[in-house]
Amino acid sequence: MAITRFGISLEKALIERFDSLIRKKGYANRSEAIRDLIRDSLVMEEWEAGNVETVGTITLVYSHHTRELADTLTDLQHHYHTAIISAMHIHLDEHNCLEVLVVKGKGKDIRKISDRLIGTRGVKHGKLTVTTTGKHLK
Amino acid sequence: MAITRFGISLEKALIERFDSLIRKKGYANRSEAIRDLIRDSLVMEEWEAGNVETVGTITLVYSHHTRELADTLTDLQHHYHTAIISAMHIHLDEHNCLEVLVVKGKGKDIRKISDRLIGTRGVKHGKLTVTTTGKHLK
Amino acid sequence: MAITRFGISLEKALIERFDSLIRKKGYANRSEAIRDLIRDSLVMEEWEAGNVETVGTITLVYSHHTRELADTLTDLQHHYHTAIISAMHIHLDEHNCLEVLVVKGKGKDIRKISDRLIGTRGVKHGKLTVTTTGKHLK
Amino acid sequence: MAITRFGISLEKALIERFDSLIRKKGYANRSEAIRDLIRDSLVMEEWEAGNVETVGTITLVYSHHTRELADTLTDLQHHYHTAIISAMHIHLDEHNCLEVLVVKGKGKDIRKISDRLIGTRGVKHGKLTVTTTGKHLK
């Protein structure tokens, strides 16, 4: 993997505040922290484009007492099985479940699946998180 | 579980557009969709308070070739083992891994753990998603 | 303006927490608060579509000492004068200025103008805020 | 103003994609673009702290036909006059007005003012945007 090294100029007062922020966040050094800011801006752009293959996680919290909800979620997941590559189920307490699905596909398709799942009756809270296949984020 | 029924007044043009949006998102009816908007506003408030027990997922994409990264992540996860209640690992391709951790605790503690993990050298992209224990979201 | 009245069903515990949140935020009643949640979801959708005429504000903070910055900003604003419908300038202190521009146009065009302005050398911080023409938000 | 110059190391593939993104956004060079990412992360932290003096804009869209709304907004603005440093009013069409207020104060106070204004009956859409006094963002 080819590494490029280049210089950047920053006002002293600015980089001092940044150093203090990244120390608090546990970064080893500036390059690491700046790399993360750069990657995050690229992931956002990828996602907004809508047509690039990307990866997301869909987080759902629901009560397993809601009749037929588990069945509906399972049906939906099978319907979209080519996109949903994995799922994890957690028993938060005796009533509440959390399910995290990992989804791969074009941004706009992932959003569609997410909307369908979050909109299912009985889902208390749902969130779509966008990340990346990692392929183009060397 | 006690259900309350109440009436709300909305401009006709507004509710027609909302009906069309929620149909697109797959909601069964208006109550479902409005419930979700309400729950989302409560989850946001819970999270901003910082001191309420809540649940989040931390999504990490990294290359398993980065020497010692997997070890560091494992160490960190054990260090925070009382908060991290589950983890799922996915092989995105021969180089890239995705790991989703489910974390439970006060908002500010979850953010701290997330910052530490995302800031680890070799993590390409990381995201913290906030959801809820579901307990107070009947 | 035609008003529709309809009933929604919510769990008692949920609506009690929502009532407490909206009291804190100063809403007169539930209808008001729910209307705002609904409008916000419609504005988000309008914006994501990219092709609907909408309104945004671009907030810029910069030091007026940066040579040529004011000129560049003025030039850019004139270049986009059909879209930029108003501007307000504030002297934050003896060094810093804040400028708020109101922009009207398709979502994707507004974003382009915003990117150009925020990317101008000397702008310390910039933010695009999306709102609405109000026309379809009765 | 003291300038610091330092080197950072990035994977070639990553910096190439970043170069293409910042060209699209109109940045003059990498230093400019990275400075903006850094400043944005500092503004976010300042805002989350809640106790640092900062600057925000509150954007409101409303119909001037709503009886008493304009009066209420004026009253509220006078009540918070030490914080609201400026306002701009725009006639979007014959029914709709847009008002942008510039507010200065601690993060948590700005949010309170924003909540009160956005929650006012007749406001169709409201948004709080956080920026900075510019003082510590050299």
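Letters are used for the chains, namely A, B, C and D, taken in the order the chains are written, and counting of residues starts over at 1 for each.
Just so we're on the same page, contacts are C-beta pairs under 8 Å (C-beta built on N, C-alpha and C of every residue); 3 or more make two chains touch, one makes a residue touch a chain.
None of these values were measured; they are calculated from a predicted model.
Identification of common neighbours of chain C and chain D yields an empty set.
In summary, no chain was found to touch both chain A and chain B. With each centre defined as the average position of its C-alpha atoms, the distance from chain A to chain D rounds to 25 Å.
Residue positions 39, 137 of chain B each touch two or more of the other chains.
Residues 1-15, 17-18, 21, 30-31, 34-35, 37-39, 41-42, 45, 136-138 of chain A are the ones that touch chain D when the two sit in their complex.
Residues of chain B touching chain A in their complex: 22, 24-28, 32-33, 36, 39-40, 43, 55, 57, 59, 61-63, 85-86, 88, 90, 92-93, 95-98, 100, 102, 104, 115-116, 118-121, 123-127, 129-135, 137.
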